[in-house]
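Next come the structures, one after another.
Both of the next two complexes hold chain A, though its partner changes from chain B to chain C.
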Partner chain A sequence: MARFSPFDIQARPNRLLGQVLSAVLFVVCLGLYMHASKVRHAENPEDRIVPNAQQLRSGVHASVLEPAEEDDYIAPEGASKWTRFQHSMIWKDTASSGRRFGISLLLFLPAILLALHIGLYPYFNAGFMRFVLFFDKIVALSLLPILFIAFGIDELSKIALIFIGVAPTLILDVIQMVKAVPQEQVVKSFTLGANDFDVTYRVVLRQIAPQIINSLRLNLKPIMLFLFAGEMIAASDGLAYRIAIMRRHMGMDVILPYVLWVALLLFLVDLSLRLLNKRMHPWFQS
Partner chain B sequence: MYAGWNPYFYMQKSGILKKWADKYGIVIKVQRFDYAASLDSFVAKNIDACTMTNMEALDMPAASGVDTTSIIVGDYSNGNDAVLTRNGLGLDKLGGHKVMLVQKTVSEYLLERAMVLNGQQTKLPTLKLLNTSDSDIAPAFLNNSSNEAVVTWKPLVSQILTDKGVHSIFDSSKIPGEILDLLVVQTSVLNRPDGSGERFAKAITGAWYETMQKMTGGGPAQAEALKGSAAASSDTVDSYREQLKTTALFSTPKAAVEFTTSVSLKQKMELVRQFCFTHGLLGKGTKSVDDVSILYPDGSVQGKKDRVRLRFDAQYMQAAMQGKL
Partner chain C sequence: MVSVIEQEDNAMTLAPSTARGAAIHVAQVSVSYPAGKTGRKVILDELELEIAPGEFVVLLGETGCGKSTLLRMILGQERPTTGEITVAGRKVERVSAACGYVPQKYSLFPDRTVLSNLTMGPLTSGYHILGRLKPGFRAFRKQVREQAMQKLERMGLHAADAEKYPHQLSGGMQQRVAIAQALMMKPEILLMDEAFSALDPGTRASLQKMLRTIWLETKPTILFVTHNTAEALFLATRIIVLAKQTTPGRCGARVALDLKLPDTGMSLKKHGQEFLDLVDHIELCSQGFEAAAELTANFEGNVR
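Let's turn to the complex of A and B:
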C-alpha cells in the first residue's frame, strides 16, 4: 500500500484508500446521528426529534405505501405495492412539486433567449440590461404579499416566486457567456455571409449551450429553495407542504425520509442534465 | 404572541417576576419566542417552561414522550379564534369550497367543531383546506376575492373583518373552555430533588396572579399593566383591550382552580384528544388515543394509567388562592 501522505500534492491514494476516504464523512455523520438518537431514546423512549431506525422504518412505510391524510383513497384488499405507491403520500407530493418545478424550468427557456438577445443586440441591451440588473438585487421572498395579490394563492404565485427569484441571475449569467464569445467570430461570420439570425442562434447560442446547461445545474438549488418557500407558505400539497405539516407535531420520522428523497431527486435531475450535456456537446470542456 | 400570554412579558419588564424569584431564591428568565420555535425548544428540553395551548401541550411535548405539567390555566379563547367567510357563505354551504387556515392547529380544531355543532360533519371531507402561514394569511385572503373562507385568530381576525364583505360565522365563544392557554413546565424539572422546580412554580404562579390583579384592578396600575402587555406584541392598548374582550381570563386563582378541578375540563380535553388522534397529531406510531394519557387534579386519568404524559396540576394555583405563596 502506498504511504499515507495527505499533504503531498503528487501523492495519490490507491483505489481502495480513495473509496475508504470518501466514505469516512458519511460514516461519521451516520454514527453521530445514531449516537444522538440512542442518547435521546435512553432518556425518553418516545423521542421524535431524532427518530431511531424503527421509527424511521414506520415513517418511510407511511409515506411510501399509505395515502395522504387528506385523501380518502382506500387500497383494495391485496393491492400490489406498486398500486399502493401510486396512491401514496410521497407520490402525490412529488407529482405536484414536480409539476411546479417542471413548469418553471420551461419558463426559463424564454428567459435564456431574452438573455441571448440582450447580450448581442445593443437595442435589447439598452432596453433590458439595467432593469434586469436592478431586479436581480430584489429579494424575491419579500415580495410575497404582492405576488399573492397579483397571482392569487394557487399555483401561479409559487411559479412566479421561483421565476422572479432565479430568472434574473440566470439571465445575467447567460449575458456574461454571450459577451465572452470573441467579437472576431461574430465579425467573421458576418463577412462569411451569415445574417443576424445565423449569428445569434447558429454561432453564439450553439457555442454557449453547454454553459447554459451548467448554469441551470447550479441554479437547481435556488429553484428548489423558492419552491419550498412557496409551498410552505400556502399550499394543499407538495413535498414542502408535507414537511411543514409534519413539523407541526414533530413528525421527523416522515420529514427525514422526505429530505433524503428530495436530495435524491435533485441529484438525479442534476445527473441527467450533466449526461445530456455530455451527449449533446461532446466537444465541450469546462 | 397572543393576548393571554402577553402579561408574562409585562410581568418581567415591571420587575414583578424578579421580586417573586428573589423571594424563592431562583433566577427566572422570560424569553420571547416565535410560537413554533418555542414549542420545538420545549420538546427538545432546552427550556423548562413554556406557554402553549392545551392542544399543543398534548400533541407536541406530551405526544413526543416529554412528561409535561400544566401549572397555570391562564384563560380560554372566548371568541379570539373565528371562522370568517365572504358573501354570507354559511357553514352548510362550505363543502367544496377552499378554506385558508394554518392546518393542524386550533384553527382546524375550531373549523371541525363548527361543522360538527351545526350538523355538517358529513361534509367535513369535502372541505378543501389550504395550509397558509399565519404571517401571510391576512393579506393573502383579503387581496383576492376568490378566497371565500378563512379560519384564524386575533388580531388577524380583526384585521380581516375590516373588509365589509367578510363576516364571522363561528367563533370560539361557542366552544368556551376548549381552547385553553396554559403555562406548562417539564415534569422532570418540577420534580427536581433540590426543590428548585417547585420554587420556580411557586414564584411564577405568585407573580402571575399579582400581574392579573393589576390587569383587572382598575386605576393607573391597570393602565400601566395593559400598556406593558400590549407592548409585548407591539399592539396598541386599544387593540389589546379588544382582544382581551374575547379572552376569558381566569383573573383570580379561585376561578382558575374551579375550572381546572371541574368535570367540564375532562369533557373538553376528551374532544381535543380525540381530534389530535384522528388527525395523526399524536404521531404515526401512536396506535391508540389512550397511549397519551392525561392526569387531572383529582387523580383520575384519561387513557392508560401507565402512560400519563400531560398533567393538570392545580396545587400552585390553590396555594395562590389560599395566599400561601
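Let's turn to the complex of A and C:
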C-alpha cells in the first residue's frame, strides 16, 4: 500500500486508498446522523427532527407510492407499484418542477444564440453587451416581487425568475467562449468561401458547443436554486413546494428523501449532458 | 556581396515595377494606431508594393516591423489608415476567398476530421446550407472527397489520417493539412504567415521543399511571411525586407530591400559563401530603413 502522506503534493494514493478516502466523509456523515437520531429517539421516541430508519422508510413509502393530496387520484387496491408511483406525490412534484426546469432550458437556447451573435458581430456587441452586463449585476431574487406583480404567481413568474437569474451569466460565459475562438479560424473560414452564417453556426458554434454544454452543467445548480426559490414562495406543486409544506409539519421523513431525490436528479441530468458531450464531441475530450 | 548579385544577373536584380494586373498592389499604405493621449504609433509608412501573378514573395523583417499587419491588410482583416490595397484588381474591403491563408497556428478546425477540414472549403463555397438539399450535392461531395484524398496523399499523408482529428497529428502533419486545405480552393494567391515557424528543422525543411514543388507545379502567387532569412532565400523568387525608419520625425516601416532571386531558389549547399553573404546583407538591411538604403546604395542597380 502506498505511504499515507496527505500533505505531500507529489504523493498519489493508490486506487484502493483513493476509494476508501472518497467514502470516508459519507460514512462519517451517516454515522453522525445515526448517532444523533439514536440520541434524540432515546429522549423522545416520537421525535421527527432526526427520523430513524423506520420513519424514513415510511416517509419514502408515502412519497413514492401515495398521492400528494387527499383529492388526488388514488390507485385501486391491487394496482402495481409502478401505477401507484405514477400517481404519487414525488412523481407529481417531479413532473411539475421538471416542466419548469425544461422550459427554462429551452429558453436558454435563444439566449445562447444571442450570446453567439454578441461575441461575433460588432453591431450586436454594441447593442446588447452593456445591457447584459447591467442585467448580470441585478440580484434576480430582488426582482421576485416585481415578477409576481407583473406576471402573477403562475408558471411564468417562476420561469422568468430562472431565466433572469441564469441567462445573463450564461450569455457572458458564451461571449467569452466565442471571443476565445482564435481569430485565425474565423479568417480562414472566410478564405475558404464561408459566409457569415457558415462562420457563425458551422465554425464558431460547432467549436464552442461542448463548452456551452459544460457551462449548462455548471449552471444546473443555479437553475434549481431559482426554481426552488420560486416554488417555495408561490406554487401549488413541485419539489420545493413539497419541501416547504413539509417544513411546516416538521416532516423530515419526507424532506430528506426529497433532498436526496433532487440531488440524484441533478446528478443524472449532469451525467446525461456529460455523456452527450463525450459522444457528440469526441475531439473535445483531448 | 555585389558579386553574388552580379553573378546571378539573369534573375537576382532589383525587382522591377510590375505592369498593370498585379496580383497584389499595396498603394501608399500607412497604418497607425492611437498611442498615449495625443500621439499615434506608426506601423507602416506610405508603403508601395506590387506583386505580380506567379511570384513567390517572402516578406522579411524584424519583429514588430509590420509584416503580419501588412498580411492581415491584404487578407482584409485590417484596414489601412491611408492608402489602398487591391488583390486581383479588386479593392480589399473584407476577408474573402480571393486569397488562401495558412497561419502559423490554429490552421485547422479542431472539431473536424482531416477529411472534413479539407472538404470544408469547396463544400461551403459550392453549396450553402439550403443548397445541400439539391440533388447534385451528393455527387459533388463525393468528387470533393476524392480530390481531398488525392491532395492528402500528395502532401505525404496516409489515407488512414483522413479520419483523424487535428490534435491526433504532429505539428508538421497539421501544417501539411493546412496547406492542402488552402490549396483545395485552388487559390490564385496564397498568404502564409510564419507557417513553418513552430516546426522542428527537419519537418520545416521537408515542408519548404514541398511548398516549392507545389509552387513550381501550379505557380500561384505566394506571399510568405517569415523571420528566417535562409528559408526566405530557399523559397522566394523575390524577397522584400521591411525595416523601421530611424530618422527623427519619420517612423513606421518601409521597404528597405526588394530583391529578385532566381526561380531555382538558393541554398547554402548550392551557393556556399554567396548565400551567406546575402543572408548577412538581408539581415543588415532589416535593422533599419536608412542603414539599408546606405548599404544598397553601393550596389548599382540594386537599390530601391
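The rule we apply is simple: the second predicted complex is superposed on the first by the 279 of 286 C-alpha atoms of A that agree within 3 Å, B and C clash if a C-alpha of one lies under 4 Å from a C-alpha of the other, contacts with A are read in each partner's own complex, and residues count from 1 in each chain.
Keep in mind that, in the parts below, a contact is a pair of C-beta atoms (placed from the backbone, for glycine too) under 8 Å apart; a residue touches a chain by one contact, two chains touch by 3 or more.
A quick note: this is a predicted structure, and the numbers were derived from the prediction, not measured.
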item	value
Combined model on chain A where chain B meets chain C, clash or fit	fit
Touched partner set for A:Tyr241, first chain B, second chain C, both or neither	first
Which of chain B and chain C A:Ala79 touches, first, second, both or neither	neither
Chain A residues touched - chain C or chain B, whichever exceeds	B
Chain B versus chain C as contact partner of A:Ile153, first or second or both or neither	first
Contacts of A:Arg48 with chain B and chain C, given as first, second, both or neither	first
Angular separation of chain B and chain C about chain A, which is computed from CA centres of the superposed model and rounded to the nearest 10 °	150
Which of chain B and chain C A:Gly251 touches, first, second, both or neither	first
Which superposed partner A:Ala194 touches (first chain B, second chain C, both, neither)	second
First, second, both or neither for A:Val64, with chain B first and chain C second	neither
Minimum Cα separation, chain C to chain B, after superposition on A (Å)	47
Shared chain A surface residues [contacts with chain B and with chain C]	none
Partner chain B, residues of chain A touching it in the complex	44-49, 55, 58-59, 62, 69-70, 72, 144-145, 148-149, 152-153, 232-236, 241, 244-245, 247-251, 253-254
Interfacial residue positions of chain C with respect to chain A in the complex	75-77, 94-97, 99-101, 103, 105-107, 109-111, 120-122, 124-126, 128-129, 165-168, 181-182, 185, 187
Interface residues, chain A side, partner chain C - complex	182-185, 187-195, 197-198, 202-203, 206-207, 209, 281-284, 286
Residues of chain B touching chain A in the complex	36, 40, 43-44, 59-60, 63-66, 100, 103-105, 125, 128-133, 135-136, 139-140, 143-144, 146-147, 279-285
